[in-house]
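What follows is a group of structures, each given as structure tokens.
You will see two complexes here that share chain A, one where it goes with chain B and one where it goes with chain C.
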Partner chain A sequence: MIKIEINKKLHGANGGMDLSVRLDILQGDFVALTGQSGSGKTTLLRILAGLESSSGTISVEGEVWQDSKTSLIPQKRKIGFVFQDYALFDNMSVEQNLLYVQKDRALAYKLLELTQLNQLKDRMPSTLSGGQKQRVSLCRAMMNRPQLLLMDEPLSALDPTMRTKLQHEILALHKEFGTTTIMVSHDPSEIYRLAQRVVVLHGGKIINDGTPKDILLKTSGSAKFSFEGELLDIVKVDVIHLAIIAIGQQLVEVVVSDDEAKTLEIGQSVSVSTKAFTPRLKGL
Partner chain B sequence: MFEMLDGLEFGPFLLSFKLAVITTLILFVISLPLAWYLSQTHSKMKPFWESLTALPIVLPPSVLGFYILVALSQNSPIGAFFEDVLGIKLVFNFTGLVVASCFYSLPFMVQPLQSGFESINKNMLEASYIAGKGKIETIRKVALPNIKPALMSAIIVTFAHTVGEFGVVLMVGGSIPDETKVASVAIYEFVEVMDYTKAHIYSAIMVIISFLVLLSVYIFNGKQKKIGF
Partner chain C sequence: MSYLVATVKQIESCDNLHIVAFDYQAQTLRMMSLDLHEDIKIGVKVKLAIKPSHIALAKDFSGELSYSNQLQATIVSITNGELLSAIKLDCEGSILESIITLSSSQRMDLRVGEGIVALVKASELSIDEVLNV
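What follows is the complex of A and B.
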């Protein structure tokens, strides 16, 4: 269990703001942190990492990281941090970036294997694509087998295809290492795919906390006629099937028949449209 | 043409380079923590320290030389301490020149290093801390290798600037052959006694060396940029 109870005065773009967060996270959970920019998401991550000071307490599995008297320095907290801009060590090769954290070649090779980077292990960061860089950054963060993995919009700079690919890798690593993960994200389909819990911050306070389905699904109909989206999930509810589809930045639920459910494949692109019962007139 | 080089004293040049090498080494050691501190601090004292560090750039060398002379002479507590307790005389000898040069060239080492450190992506340094590495290891293995051009500029410009100093050296060291008579002082003396030929040769050598030094810096930095640092 990770217990967080922190306060910090922030001087943001919209004037002063109190970041005040109370949060208990179960070990092994994948939590998505979302909310408008300037709501304090990144600051919360940085406080957890020990990169910024705050008042209050943080304890992880009974170990106190911060209380009124002490605050562990980042070096002493068992965390991995994935930055939005990768922040790789430019002077080191891919492999050296990993080994810098921990001289554990076996682990480094395993991580490079998992993320299909083994061919690139001797390349310098400046020769890699964005997606490759973020993979290296992810591997590097796992090198000290973190208790807590913190990710600050890790995929927001990448194109959709690369994003989907990396989402799977993030999930695979999260499960493989059994870490507790907190990820800042704005992308509902990403959150739905990865997280078990969504925490919504607004003005430094938690305004919503629940499962991705409860928080992200906006079922109150849409007025548009036809959309293209990505099929995220098909859930069987009693006798019907509900398809959950990501359309743009929204998630929608559509009822599908048994036969339709069989032909659809999770992850595929689908179009969602409605048929309106309008009488059609035709001249004779 | 080369017969005019006969009988030419190279002592002043050797002295200039010896002074520059020692000054650069000492300043590198002193400036590294200072530049790092200035690049990372949010203290209200930062402008104060920055101004103090930059002072030798704007002060006339004679002013700087005068104060250093006063501070290091036996009549001042500092000079007296060094002479009485440590047995080191600090004026009108080579040691005094090194001390004075360190003051004079300080900003030329600190400023490039500081702006180099400031240009590093903060997240990169934080990633190193999170990886469990302390400040010293982070500076050595992450910060310095990523600011090679700034590092090169700092070292070379400090070296070149020390070779080229005149006012401070003259004030603190005088012109004692093989002790404090560096190349720039020697040129001044040739002009004073109207030996223009030797002044020409010495000056030309200084111009060529300085140009080559700067050229090497620019070529090195150009290559570094191409590599992608």
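What follows is the complex of A and C.
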């Protein structure tokens, strides 16, 4: 069990904010941490890693990492950290990057094999693609057999295909080593695939905590197919109205009645939903 | 959207598929649904929503229909466009709107004040919100 109870005053873009988090995580759990930018996700990871100070306590499997008297330095915490921008040593080969953490060739070999990097072990990071670099940094983070693996949007710089591939490798590593993991992510499909639990931070506080399905299926009542968008226009056609809504990169049209059109305002955020029985699904 | 306030009176389940029966002014409505919100239990009042284009109308009809929801109503207004017809119905004090083609509206010779049956499939009835828990 990892027990976290920390407080820290932050000075963000939107003025001061209290990061105040109480969180218990079971050993071996894979937790996704999500929330708007500026909600305190990265700061929380940095506090857990010992890279930032805070008040409060952190204990991991009974060992105190931080309390009112002590705070272990990052090197003493059994942590693996994967950053969005890889943070590899450019002057070392792939294998040397791993062995720098721990002179454990057997483990390095196993990790490189699990992530299909063994062919590339002598290459320098500058010759690798983004996906390959991130796999190396994932392996490196596992080299000291961490009790807690922290990942800060590890896949957000990668293209969708590479992202899916790495998700499978992260899952494979998690299965093999059972490392308790906290991953910051904004991608619902990624969270659904990898995590058993989602914690949503907002303004420094946990506002939601549950299974990916419960948290990510944005539903009210019995609507199962629900998206948020911006209402761009309402056009009257015959006795009905067409609402034009931007959802992500796409525009959609929804038929609304006269009375509904009167209650809507151009520019407002809207949810577009229907029951699970209505949408058609076709392979592309 | 058209809304009706009704009370949950029965829930049948098979895995995560449910058929929920509601009581609305002594008439029974049925809804097909996947996972139900935990607040939805027998005796709870809910606001039901129906999209106007999902309400069909029947006049002087005899025979059997598969529609789970057949509501007695009275026509209160008819607005005809060039192709479509928006018909407002009073159903035991709630106003429902049905959008049908103008040709259907004319073929049925619909008139304000007439009694009519509003038809809604169970898969097209949805819960908009739970009113009391």
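Following the convention adopted for this analysis, the second predicted complex is superposed on the first by the 218 of 284 C-alpha atoms of A that agree within 3 Å, B and C clash if a C-alpha of one lies under 4 Å from a C-alpha of the other, contacts with A are read in each partner's own complex, and residues count from 1 in each chain.
Note that in this section a residue touches a chain if its C-beta (ideal position, glycine included) is under 8 Å from a C-beta of that chain, and two chains touch if they have at least 3 such contacts.
Everything numeric here is computed off the predicted structure, so don't read it as measured data.
Asks: On chain A, which partner's contacts cover more residues, chain B's or chain C's?
Replies: Touched residues of chain A are more numerous for B.
Asks: After the superposition on A, what does A:Val101 contact: first (chain B), second (chain C), both or neither?
Replies: In the superposition, A:Val101 contacts chain B only.
Asks: Contacts for A:Asp258 in the overlay, against chain B (first) and chain C (second): which applies, first, second, both or neither?
Replies: second
Asks: Is A:Glu63 in contact with chain B, with chain C, with both, or with neither (first, second, both, neither)?
Replies: Neither partner.
Asks: Which holds for A:Val239: it touches chain B only (first), chain C only (second), both, or neither?
Replies: Once the two structures are laid over each other on A, A:Val239 reaches chain C alone.
Asks: Within their complex, state which residues of chain C touch chain A.
Replies: The contact residues of chain C facing chain A are 1, 31-37, 46, 49, 51-53, 79-86, 97, 99, 123-124, 126-130.
Asks: Per the contact definition, I'd like the list of chain A residues that touch chain B in the complex.
Replies: Checking each residue of chain A against chain B gives 49, 51, 73-77, 79-81, 83, 85, 87-91, 100-102, 124, 126-127, 140, 143-144.
Asks: Inside the complex, what are the residues of chain B that reach chain A?
Replies: 121, 123-124, 126-134, 141-142, 145-146, 228-229
Asks: Quick one: in the complex, what on chain A touches chain C?
Replies: 219-224, 238-240, 255, 257-260, 275-278
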